[in-house]
Amino acid sequence: MTTRDETTAATLDADPVQGHGYTANKEAYLRRLKRIEGQVRGIARMVDEDKYCIDILTQVSAVTKALHAVSLGLVEEHIGHCVVGAASEPDPDLRAEAIDVKVKEAADAIGRLLR
Amino acid sequence: MTTRDETTAATLDADPVQGHGYTANKEAYLRRLKRIEGQVRGIARMVDEDKYCIDILTQVSAVTKALHAVSLGLVEEHIGHCVVGAASEPDPDLRAEAIDVKVKEAADAIGRLLR
Amino acid sequence: MTTRDETTAATLDADPVQGHGYTANKEAYLRRLKRIEGQVRGIARMVDEDKYCIDILTQVSAVTKALHAVSLGLVEEHIGHCVVGAASEPDPDLRAEAIDVKVKEAADAIGRLLR
Amino acid sequence: MTTRDETTAATLDADPVQGHGYTANKEAYLRRLKRIEGQVRGIARMVDEDKYCIDILTQVSAVTKALHAVSLGLVEEHIGHCVVGAASEPDPDLRAEAIDVKVKEAADAIGRLLR
């Protein structure tokens, strides 16, 4: 959507050094995703070796949980960075609109996680 | 747990050809897991390239949903294969116990998915 | 759906005394649902009294968790009663069909819980 | 926790008219919760009348979904009201702390919803 892209661009323009909310923890996220990727590969190996279905399900639940933790971290950083960033916009009209966009984005993303 | 392992062994002994419930769809599961692994790698790439957090969250939700679909398939096959297999045990005492074990395993696995 | 209704009728005809899987625990389910109803009323009271949104959210999560526990109990009893009941059908053709119907119903219900 | 209560008090002091984020939609929330309460009572009636377990499960899923929608509304309003309110605090030290508290509360609440 153009609205979001423009807002994103605005956020980046306003704060080119800090980047996104998760940038400070980028290495930690990459390590966690690397581990999740390995877990998914492990599940494929279990299927390939005809492991017991319940044991495979336990591993799938573990990966889902790890992904939820990643999501939660990203949502927290979106709120603390993007929403708060929008709330710091000096122009009150732009601010109200930027807040609406960022809060709506957060809520939509949380809604997708809950489904 | 020994209880489960023994039951697993019993199931395999009783039916070495059919394997587990998911064996018939093994290739399909491996393809799906391969795709999920690629999606996780794609998320790591998005983080590495400082993509917008909400877009990353959308991808994480997609992977979670794909994993849920895999779980659901495995649960369905566990019920249709392991639970039904236990219910076909000719000795009534062994049958009652085998059913209890398999139903409990299914419920525990579903409980882990819901959490 | 007619298919399900017919199967349901068949199950009830075949076993009029035992009723459904949850019948043995009917009183316990009614007590749990009564408690959940009270919790929902408590949340409405919190909203009415302008309680802090996070405290309301905590209560909503508690109700959701209690409902998940009820669901899980019903699913477990569906598997242990309806699926196993279908697997005990003496006529092999009717049995295969009955199992398919009951397993599919269980998987669909679990799928709805996961969404 | 005292920290939260103090912050809450501060928020209310700062803005006694607006109340919480959900206050503007209070009547709508009360109506939705009333409907959910009725749905839970309907489920109890289904159990009491020995309705088919899968039909009960479908209703439980519907209530869970309705509660998720309520949660999501409350989270959205918490972010748009409490987090943004904290970001508008003029004193930079108080602001940083207030934002941290509110963002952490939001993330914890979302984490409880995901579990």
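Residue numbering begins at 1 within each chain, and the chains themselves are lettered A, B, C and D in the order written.
One rule holds for everything that comes next: a contact is a pair of C-beta atoms (placed from the backbone, for glycine too) under 8 Å apart; a residue touches a chain by one contact, two chains touch by 3 or more.
Nothing here was measured: the structure is a model prediction, and the numbers come from that model.
*Asks:* Name, by label, each chain that touches both members of the pair chain B and chain C.
*Replies:* Expected: no chain.
*Asks:* List every chain that touches both chain A and chain D.
*Replies:* Touching chain A and chain D alike: no chains returned.
*Asks:* Where does the B-C interface recur among A-D, A-B or C-D, taking recurrence as more than half of the contact pairs being identical by residue number?
*Replies:* Matching more than half of the contact pairs of B-C: A-D.
*Asks:* Comparing centres built from CA atoms, which chain ends up most distant from chain D?
*Replies:* Most distant chain from chain D: B.
*Asks:* Could you work out how far the Cα centre of chain C sits from that of chain D, in whole Å?
*Replies:* 26
*Asks:* Centroid from C-alpha atoms only, then distance chain A to chain C, rounded to Å. What do you get?
*Replies:* Inter-chain centre distance comes to 33 Å.
*Asks:* Pull out every residue in chain C that's touching 2 or more other chains.
*Replies:* 68, 71, 75, 106, 113, 115
*Asks:* Pick one for the touching-chains graph, please: line, ring, star, complete, other.
*Replies:* ring
*Asks:* Every pair of chains that touch: which are they?
*Replies:* Pairwise, the chains that meet the contact rule are A-B, A-D, B-C, C-D.
*Asks:* Spell out the part of chain C that touches chain B in their complex, as residue ranges.
*Replies:* The touching residues are 68, 71-72, 75-76, 79-80, 83-84, 87-88, 99-100, 103-104, 106-107, 110-111, 113-114.
*Asks:* Where on chain C is chain D touching in the complex?
*Replies:* 4, 8, 19-23, 26, 29-30, 33-34, 36-37, 40-41, 43-44, 47-48, 50, 52-54, 56-58, 60-61, 63-65, 67-68, 70-71, 74-75, 77-78, 81-82, 105-106, 108-109, 112-113, 115
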